[in-house]
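Here the structure is laid out as structure tokens; the discussion comes afterwards.
So that you can tell them apart, the chains are marked A, B, C, D, E and F in the order they are listed, and the count of residues begins at 1 in each.
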């Protein structure tokens, strides 16, 4: 069986990305098929260390695009832009002819398979309306019971205990007051908390409640697209503009 | 790595099912991971040979449910009800605690990853409003450019040439007049036509246009759910009713 | 004037159905026109005593269908499947050529004539997402302020005092916090409580607030369809599958 | 059994109304229950002879309101504003405490019981966007396949042959090209054509296709509301303003 | 540069209107371009002193229409019907061939330019469902986080302190509990409170939150339409009915 | 009266921008108030000469952002990103505290004031799905009858005769077959054609049909926002990320 290769673009500065990669590997391991392998690339100087605004997405988008084009040329079979906000993903679907996923859509797809309405818990308040934009863009807003936040910026996500407590609190509000039937972790940097939250919610409510992790979902969806030979439609995504910016 | 097992319930009479299984295997092979295996089960006497109405779904639903419960008891890790109309799937999500998929939702999920609007080409006219029901039920109606049919009943799908020609005609109308950016094959029995249609459309319109097959999509989505340990939410699907019908 | 006959299918075991029939008669009396009569039929052994899950709907659906086909052959002019969850109703619309109603759609139609947004109070938690499915299916979800439950299973509905108190509590939350302008009783087995709730709400809020009962609404809508000679469209509901299941 | 009385307000000048009343009576007869009676009232000088614009609705609305208030005082049990465009109906729901219906909503309710998508054929082009307004107002726009017109103004509707031919043409386009599963006659003045169109469509397409008449539907819905004791919610419709305009 | 003239129809009795005009002038001054001027006209006897119901809108609509027709004949370039509920505005768009705006749509347009979801705070409870109607009519309901009221009727709006306090309370609930990102003042008679509320909210929440006033928004949108030579489409609004009511 | 200054960012290379500026000035002149002035800035080397893909938007976005930040520092009162696709506009709403508009939303706002449904005619096919994205993002997709294209790339828009002919053809299809009640020019570079198209359509269909130009609409909306002191909500748009990319 031909071995297939996935490029994971971690769309932040390399230094910042390093801290997350062991966690990503842990999330990916149980989902990765034997005939797939994963490699990582981060961005260079001149980009932001983490993304919590549309502006941060904008700053990093050019380099994401370049990394994607390089990955396609190097023969990778698919690309995962490892960020829940999916920076540059729509442009990448124009710019390469291999499947591309971000973190948001795959998590939503998985949540839709196990529940009708779900809530998303993201990192900080400024990301909430950005995810509302994505939900409308993907036309899945009716499935979203609420978008909440853990009040913990990306650069403090390593405080796993604080994150767990906050996720449990916010998920409980979503379930008890807003009709959530499942919870999506709304940042790909929320690592080592999935199992805790899943057990805590199922225990608290005495029944199984799905917790959807975006990294595992993204790898699963990407393998699925690659195996089914599905790529971005050229009726939805035109050919990319030829351009050679001077400053790159 | 633990080997995981998928039960494919072919929700029609056994005799009728047999003719389709070689084709299913062909669709599934490129999608199936090394750590997954697939087995098939069809229904017994007293069910309908194929499904083109809500009533046919109803006739076969009890046996589908029983087969699913047996599969869970036998230790299968996931169930694929191999029919685009997804008979009994919502009930199965109550009745077992392993992932369950039909043909419709996985195909839609895959189509949404590569296009915003897509058309579904099913077998005959009576199925068209049934798929409209599913689209509203899954809250994805805005993504559906149109639901069309090949005017070829399930028991004539073996006439592959006729099917190919009809699919090309109907897809062309969907693309040219109704804004479809991708095509979903709207019956799991449309076998050995996927590659033809994909090449024919890309050649006709001089650009890549995705053709989504429901069988491969379903296996891919199911593997993804199993690997991510995602099962039906008990807030969306209650526990099944205890019942022992006399006639079963 | 030709006398017209309505068949009320009580889609549960006969024993269980008997307890409800006097209450049904009381609900129907003020709505029944002089030129209409009503008869009742329940299901046989092998079906569930009451319906609170999709699986219970599935178990009882075959017998509902057979009773409907028999009713049409016996010359009835219309069929009311007396359950708010409307089990098998969509299949019946294929299988017979007389008007068919369940409990959900007629109550919603009546509520829409007197308010824009309304809440539904059903029996137990597991029914809540099932009614959400129906609301999307009928494409009336925007009219639904909320779906709540009285936390009282069908087999305890005879505790009328407990039911009244719970309905008042749940309706008050719907009105005060969720924008409900009217209340629908979300189970056809909620008998002898309509007048109480109507008076209690109007008295509590010092203004008229409609309470819509599904049984009276269903009979009213069915008479209306029969009188207007309206039957299920054969463009929305195909012809039923010919099938003779062995076990029936 | 107490006899119940319906007031039909024909919201145009009396002279113009007279020509339609025999036709209304024919439509109403098969729907009217033995315990209901119907009376008619038209408007006085100073109003428009027929309604094909929002402005014509506005000119006649004050008199419609006065007739409704008088009808309530005179003890009528319900009011039908006999116009598909439903002039003043929302105001009447504030101003009287008995059920009020126009022509649009009841026809839509009946169509929704027998089909998911339907087209409306009205008189002239200027009415088309007005009915689009009503569809959004009632939040049923997703059910409307299209709104078309017969290109025949109200004051030429007596040319029954021309009307029949135009209705058949427009309905055929709606069915063949726009996904209509049923047809609503979009003017209460389209009299003596319902049976023709119903037979013509069923014959042409070799299957039953519902044709919904607004007058019969309105009487049916109104009887249903009266029998179920359902009136406009005071949470959706406030109390009317006290006012005594000088010129009335 | 040609001077352009706007007619502001204050759609209530003249006596009642006088008290508001100084406040209107204050709202309009900072928005009015040098090449525009504004004049005011109110209604005559026989109309209601203020509008808080659909019925009050209906009573005043004929005179609003007459004033609009007169304004067009007198050469005005645009009309602002100075009421948030937009009485008769849709009819005016048929009846005159110059731009017409009410208070609701312009405020919504401005709010949509600075936020995705916003709440509207109106005067009293009876107006809340009327504004829900307008939101559906304009198809912007998804943008509306909530419609709340200050519990202060129009004839008590001169109690500015009470109004300020109530607006702050209601806005805070909208922002904290209902996801409002901006606030619309839901009555054109809420004068001299805009700056207070804007400062109070920005101070309370330590960030800028837009408060949209309907009078300034309406004048701004109307100037924009006039300058761009945009008038009501004759495909959306037919020609007005010729009518000469006796009592006018 | 304080003079207010608008910065028009032409988000393409300076060389390419120059050809369009005389046309922009012509569009803006009739809309610009006496107390407003307009200045232009284009982008530097390293950006694309015109924008017809998401990738072109991405390439130019960083410079658009920098120009906007400079404009705010230089004391401008508002910013118009002069492109129908609105590149970087959502990021700019985070990054500056003055009003920002692109070309799409203002044109849609103006169209909504004069019609309910409208079509957009853009330059080439690849832009069509990009505008569909914007329509969903702004939640106005129900207002869009269709998005069509003139099959004329931006760098051929100077062929005014060809453009006129194509716009008339595409508008006619939109009006006759797709229910458009108004037409939006879907590229800010469609200059010197507005009056032609407006006259041609009104003449062809013998009634007034609005043609909405994005440049004039944008200036009108921006003046309105500035005059009403409305800026992006900090609950919808967080504060921008501090970043100093090396390569800028």
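Quick notes on this structure:
One rule holds in what follows: a residue touches a chain if its C-beta (ideal position, glycine included) is under 8 Å from a C-beta of that chain, and two chains touch if they have at least 3 such contacts.
Bear in mind that the values here come from a model prediction, so they are computed numbers and not experimental data.
Any chain bridging chain E and chain F, meaning touching each of them, is among A, D; the list is complete.
Counting steps between touching chains, the shortest path from chain A to chain E takes 1. Centroid analysis (C-alpha atoms only) places D farthest from chain A.
Each chain gets a centre from the mean of its Cα atoms; the one farthest from the centre of chain B is E. At the interface between chain C and chain D, two copies of one sequence, more than half of the residue numbers in use are shared by both copies. Our note on geometry: chain A versus chain C, Cα centroid distance of 43 Å, whole angstroms.
Computed from the mean C-alpha positions, the centre of chain B lies at a distance of 31 Å from the centre of chain C. In chain D, the residues that touch at least two other chains are 116-117, 129, 133, 139, 142, 181, 235-236. Chains that are in contact with each other form these pairs: A-B, A-C, A-E, A-F, B-C, B-D, B-F, C-D, C-E, D-E, D-F, E-F. Of all the residues in chain F, the ones that touch chain B in their complex are 129, 132-133, 141.
Residues of chain E touching chain A in their complex: 116-117, 142, 181. Those residues of chain D that touch chain C in the complex are listed here as 1, 30-31, 33-35, 93, 97, 99, 101, 105-106, 109-110, 112-117, 138-140, 142-143, 175, 180-182, 198, 205, 207-210, 212-213, 216-217, 220-221, 223-225, 227-236. Those residues of chain F lying in contact with chain A across their complex are 45-48, 51-59, 61-62, 65, 88, 90-91, 94-95, 125-127, 129, 133, 136-137, 139, 235-241, 243, 245-248.
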